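Single-structure report; data block below.
In this document, chain identifiers A, B and C correspond to the written order of the chains, with residue numbering beginning at 1 in each.
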Amino acid sequence: MPHATHIRNPLQAIAWWQHDFRRMFSARVRDTQLGFRNTWYLGALTLGTFTIQVSTGLLLMLYYHPSIPQGYADMKDLEFVVSSGVMLRSLHRWSAHAMVFLVFMHMAKVFYRRAYQPPRELNWVVGVSLLLATLLLSYTGYLLPWDQLSFWGTTVGASIISSMPFVGARLRFYLLGGHTVNANALLRFYVLHTMIFPLVVIMLIAVHLWRLHKDGGMYEPDEQGKPILPDHIPAEDDLFRGVENEKTLSYRELLFREIIGIEALAVVLFSMALIWKAPLDELANPLHTPNPAKAPWYFTGLQEVLHYFPPFVAGIILPVLIVSGLFIIPFVPFFDDVSTADLCRWVRSKSGRSITIATVMVVLSALLVRIHAWDALLPLWIVVILLCMAGRTADQQRGFRNWVRSRSLSFWIMTLFLMEAVILTSVGTFFRGPSWSWVWPWRG
Amino acid sequence: MSLGNQFGRVWRFFVGTAPRRFASVSVLLAIVSAIAPTKDFFSEWRHYQKEYLHLIRTRPDAGRLQRRFESGVHQIWIPEQRVVDRCTTCHVALQEASLSDVRKEPFRQHPSMPHSLTEFGCVVCHHGQGAATTVQEAHYSTKAWEQPILPARYLESSCGQCHMDALEGTPQLNLGRRLLARYGCAHCHAITQPDGTLVAPVDEPPSLEHIAEKTTREWIFAWTKNPQAYAASATMPNYRFSDPEAADIASFLVAQSTPSENSAKELPKSVASLPGSDTVQEGTSLYGTLFCASCHAIQNAAGNLVGGEMAPELTRAGNKVNPDWLRRWLRAPQGYDPKTRMPRYRFDEKQTALLSSFLLSKKDDDLLANVHLPASDAESIARGKKLVNDYGCVACHRINGINPPESFAPDLSRIGSKPLFQVGFLRGMPETLPDYIAGKIHDPRAFGPALKMPNFSLTDGQVEALTTALLAQTDRAVTMPPELVRSSPHPKYHPGGDAGRLMEDLRCQSCHAINGNGGDMAPDLTFEGSAVNRAWLLDFMKNPNTLRPALIRRMPKFNLSDAEIKGLSDYMLSAYQASGFDSQALDLTALNSDAATRGKQLFYSKYACQSCHIADYKKDKGYVGPVLAGVGDRLTPVWMYRWLKNPNALLPGTPMPNFSLSDDEARDLTAFLATLKEHKKGGLK
Amino acid sequence: MKRRRVACLTFLLIVPLGCTKRSNVNPPLSSKVYGAQIVLVSGDKQAAGVGSKLTDPVVVQVNGADGSALAGALVSFHGEGLVLTPAEALSDVSGQVSVSVQLGGIPGGYELVADAPKAGGGSTTINVCEIALGYQEKVGKEVSYKYCTTCHDPESTPERVSNLDNLAPPLPHQFTDGNTLNSMSDADLIKIIADGGPALGKSPQTPAYRSTLTQAQIKAVVAYIRAIADPPYQPPATKH
C-alpha cells in the first residue's frame, strides 16, 4: 500500500495504523525465540515498569507542588487523604527501584548473550544511554519528597559532581540552581524528572525499538556463535500475508508472552506496594545531617568505593571509566575473541601460569588490602580461582571446566565488574552504619 | 488419581497455554489492583466515624447530630499560617455542645478554651502531626514526625508562644516564668522572648568585689558547700563542690576583694557604747518597729519564715557578717554596693548600734563549728580562680579580675523545639522532650559528670512550672510575627531632678511601682499626686502609718528633713497626676451635708461597703480594702469621685469592684467619705 | 521420613515457647496480712490542673479489727484516667500507704479507689475524690482568688487575711459548700455575681461585678465553683 495517499475509510486507517505498529516488531519470530529463557523478557519488563512509572507519575503530579515545604506537605496529603494515595506513591517508588534493577539485568543479559555484536552496536549504545537516563530519572525523582533522605542523598551526589576538575563547581551550580540544595534545586529536579528525562527516555525507547526491528528482531546465534541476520528486511507486502513457514510464527506470539511477563511483574509490584509503604523521613533539615547519609541504593556501591578512594577518583574517574567501558563494548571485538584457553596459551608452562596468576592475585589483593577494601577481595578471588581452574584444565575436557575455558576475556571483565558491583552495593546498603562503620544488619 | 496428578491438571488448566496464562495473570492483576481502593473503606478514621454515629444514635438529639455530621476527611485549613489539622476527622464532636457529658475519647466535646477551634487549629496548642489521619502518626513520635502530642500538664506552654503577659488561665506558665526570673536562670542562659527581648532576671546576686570586708573565708566555704544550710530560702544553687574546691574558691574570693567606699568612712559606734540598756530587747523591738520584715525574712522558733522575700534571709546573719561591716552597711548601703535595693534609712547612731547587735545575735553555732580551713596560699588562690572561671560564677556575681562570660550556658530560646537527636537521655527515662527538660532541671549532673549546671533543689511543682515555661520557647515563638505577639510594653521610668535623686537614695521603686516600673509590695504611686491631699502627704512622709494594719509590711520611717519631705511631696503632687483631674471634674459645692447623709445611707445599706472597708472603728470590721476612717484627710474629693465611678481606670487590676454608680450616687458617697476625718494636731502645712 | 517430620514439628512447637520476650514487670505483691478497715488519712479533695500531679500524696491507713494500724497489708489503688504511683503497695509500720496521683486529661472529678483485702474474704474499699481543673476552671480560680476568697474563704494566707469573720450575717458560703451552691442554678450564680446579692434577694455584702468582670470571667468562676463543690455537683439532665 503506497504512502501518503488519501485514506478513503476508517478501516483503511486502522489497517495503516496496524501496519505502522507492526513495524516496531519483526514480522517473523522463530519458535526458539519465544521461550522465557532467551531474554527473560527483561526488555519488555523494563518497558513495563517505565509505563507504570509514567502512569503513576502523572497521577502523582496532580497532587504535588514542587515547593518548600509544600512538597513535603503533599506527601502527607497523599498518605492520609488521597484515596489509595499510599498505594500510588509506594507503587511509584518500588517500580522505580525495579526499573533500575531490571535495566541492569537487561544489560547483563544482553551482554552475556552477545547481542551487541554487529549489526546491533548502535542499539547497544542506545541501551547504555537508556541505562544512564534511568539512573538520572531516579536521582532527580529522589529529591522530590523533600525529606531528610532525599535532601542529604542529593547533597552527597551534588558534592561528588563538584569534585570534577575545573568544571565541577560550576556544573554543580547549574544542576542545583544555587550553592545548596534549596527551592531552586527542587524546581530544577522536578522539571528534569517530569519533563526532560521522560521525553529523552521516550525518544530513546523509540529508537531502541526501531533498531531492534531493523536489526532483524531478537538476537539468535548460529553454531559459531555469530548472529543470524535476516536475509532481507521484509517487504511491506509480506506484512499482510499470513505466516509462511510452520516454524516461524507471527510477532503476536512473542508480544503475548511479553505482556504476560509484564502483568506478572505488575502483580508483584502492586503486591509490594500494598505490603510495604514507601518510606518517608522527617522534613528535610539542612542543619541536621543524618549519620550515615546514604545515597540511593544504586549509588551505595559508589559510596562504598568513595570510602576507600578520594572523591575525584571514586566519583568521577571510576564512573567515567565504567560508562566508557560499557559504551565501547561492541567496538572492541578483541576482548570477545580472546578466550581463557587462548590466555593460557600465552604462558606455556603450567608452573609459569601458576606464577603469573599468583603474582596477579597477590598484587591486586595487596592493593585492596592496603586500602582496607576487604569486601572487594571476594569477587576478585572467585574470578582468579576460576581462571586457575581453567588454566589447569587440558583442552577438550567436557563439562563445567571446558565451559570455563571457553569464556572470553570480556566475559571475565564483565563478570568481575558485576560481582564487585553487587557486593559493594550490598555492603553499602546493609553493612554500613554511623560514620560509615561496619555494622552487622541483624544486630543494628 | 494421585494428588500429584490432580494438582498437575489444575495447574495446566490455569497456565497450560499462553492464552490461559494471560487470562490467569490478568485476573490476578485485577484482584491486586482492587485491593488498594478497598483498603480505603477500612481506614482507621472511618471506623471512628462509624463508632460516633453508633454513639449518637441513642441520644435525645440524635437527629440533629446526624444531620450535622458529614462523613469523610475533615480538616481545619488556615493557609496563611500553614495549618492543616485533620484531628476533627476522628475527633468529630469537638464543637458539639450537647456532647459535653461524653467522656469516651475521641468523641468528647472540647473543654472550654480561650480560642475557637477554627482560629488557630489544634496543633499549635496540642502539638502532634496535624496532617495525619491515623492514630499512630497523629499522636506519637514516628520516623516521619518527631513531635508527639503535648501532655496535658504542659498545655499552658503553648499559650506562652504568643502571650508574654501573665494570663489568668495560665497559672503554671506564670509561675514558671516568675521562677525563671527569680532563680537567676537568665544570668547564664539567654532566653529570647517572642517580642525579641531577653528574659531579665529579677534576683540580684550580690557583688563579690569587696567580699573580704563583709564576711570570712569560713563562711564563704560553708555557703559554697551548701547555701540552703545558711538560708533555707536562698535561691543560690548547690554546685556540689568538694571540700578542697570550696576552700580554694573561698581563698580566691577573699584574695580578689578590694576595699569598698564604705571602708574608708568612719565606723559607727557599736552597742558597747550604750551601757545600761537592755540591748537585746531594744534591738528586737526596733527590728519590729522598723518593719525590716517587709523585705527580709527570719525563721521563727517554729521554723516558719516570717517576712518578705525581696531581700536576703537574716536567720543566721550573725554567722556571716563582720560587725564593723554591718554597722557601716546600715548607715550607708550604697557605699558598699551602689546597686543594692536597700534604701538609706538615715538611722541615728543608737538605732544602728541596736539593730546591728540584734542581727549579730542571729547565729547558729553549728553552722561554722566544724569548718577549719588551711591557710590560703598562692596555689589555692590560683585553683580557686580557675574554678570560678570554669563554673561561671561571674555570670551572676561581679568579681574583680574576671569578665562576665558570653553565652556561658546554652541558649534556651528554642528549647521547646529541640530535635531529639541533640538530646542525650538517661537510661530508663521516657524519651520525650518534656521529660528531658524536667529531668535536667531536677538533677542536671545526672546527665553527665562534666556538666556544670548546679542543683536548684526545686519541688516537683516548681519543676513542672519551669518545664512549662521552657516548653513555650519554640521555633514558632521566636519567629512569631510582631503583630501576633501579645505583650504589654514596660517602659523604664526613672524620676529626675533633686526629687529623683532622693527617690533613688530611698529606693522608693523597690516597693512602689510608678508608671509600670518598680515593686508591687506597696501602693502604686503613678497617680498619687491626683489622689492625696498635700497636708496628709506631708504628715505621712514624716510619720508613715499604715492603711492596712494586718499586713506585716510597712513603709519605713526615713527620718527625712522637713525640706526633703516638702520637696518630695511637691514633686509627687505635681508630677504624678492623672488626666482629667482638674477643678471642673467635680462640683465641690455639691458636697454638702445632705449629700453626706445620703452617702452614708448608700455606704451602709445599699452597697454594704463596711463589709470590706472600716469607716468607723467602733462599728465596722470589714477588712479587705484600706481603712477609710481618715480618708477625708487623705484623698481628694475628685479622686474619690473618680475612683468610685471606675476604680479599674485609675488602678488596673484592683480588687475593688465597679459598682456602676450613677453620678449622683458617686457624689453622695464622696460627700460622705469627705466627712471622715481624723482630727490631728500639728503637722506640716 | 516420619522421624524427620516429627522432629520438625517438635522444633516448630518448642522454638516459639523459647522465644517469648521476658517481661520487665515486677512480680505482683502479695501479703498474708488482712485488715478490717481502710481509712483516709490525707490528700482528699485536692484540685490541680488537668494532667498534673496532685501537690500532696493521698495517704490511706489500714486498720485491724481492733482499730489499730496494721503493717504489711496489701493496698491496691485504681482510678479511671488516673496515673498512680505506685499502683499497689504494702502498708508501712504505721499502717499507712502513700500514693502519688497524676490526674487525667478531662476536666472534672476523678475517683480514686483504694482497697485492701479483708480477713474472711472480700475487701474493704475507700473512695477518694480529686478534681482536675481545665482552662475555664483555672481562670475561675484565679479570678475568685483575686476578688472572692477574701470574704468567702475562712482561711487566711500570708498574702491576705480572711475577711469572713468581719462580716455580718448572713455569712458568705464557701465555694466548696456543695450543699448550698449545688441547688442554685448556673443562671442564679451568674446573676448573683453580676448583679450582687440584692439581685437574688440576698445580702448586699456581695457586690455587683458586672462592670468589673467580663462575661467569660463570671462564667469561669461559676465553672470553678461547680468543679470544687463538695458534695460534687451534678448538672441537670439536658432536655430537648
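Points to keep in mind about this one:
Here is the rule we go by: a contact is a pair of C-beta atoms (placed from the backbone, for glycine too) under 8 Å apart; a residue touches a chain by one contact, two chains touch by 3 or more.
All values reported here derive from a predicted model rather than from experimental measurement.
Ranked by how close its mean Cα position lies to the mean of all protein Cα atoms, the top chain is B. Two chain pairs are in question, B-C and A-B; the one with more C-beta pairs in contact is B-C.
Averaged C-alpha coordinates give centres for subunit A and subunit C that are 68 Å from one another.
With each centre defined as the average position of its C-alpha atoms, the distance from subunit B to subunit C rounds to 27 Å. The geometric centre of subunit A is 66 Å away from that of subunit B, both derived from CA atoms.
On the side of subunit B, the complex with subunit A involves touching residues 18-19, 21-22, 25-26, 28-29, 32-33, 35-37, 39-40, 73, 75, 82, 84, 86, 129, 131-134, 137, 143-146, 419, 421. Residues 69, 73, 76-77, 79-81, 83-84, 86-87, 147, 253, 256-257, 259-260, 263-264, 266-267, 270-271, 273-274, 279-282, 285, 288 of subunit A touch subunit B in their complex.
Those residues of subunit C that touch subunit B in the complex are listed here as 49-53, 55, 102, 104-107, 134-136, 138-139, 141-143, 146-147, 150-151, 161, 163, 165-168, 203-205, 207-212, 217, 220, 223, 235, 238-240. The residues of subunit B lying in touch with subunit C in their complex are 60-61, 98, 101, 103, 108, 111-114, 151-156, 168-172, 460-461, 464, 550-551, 605-608, 611-612, 621-624, 646, 648, 655, 657-660.
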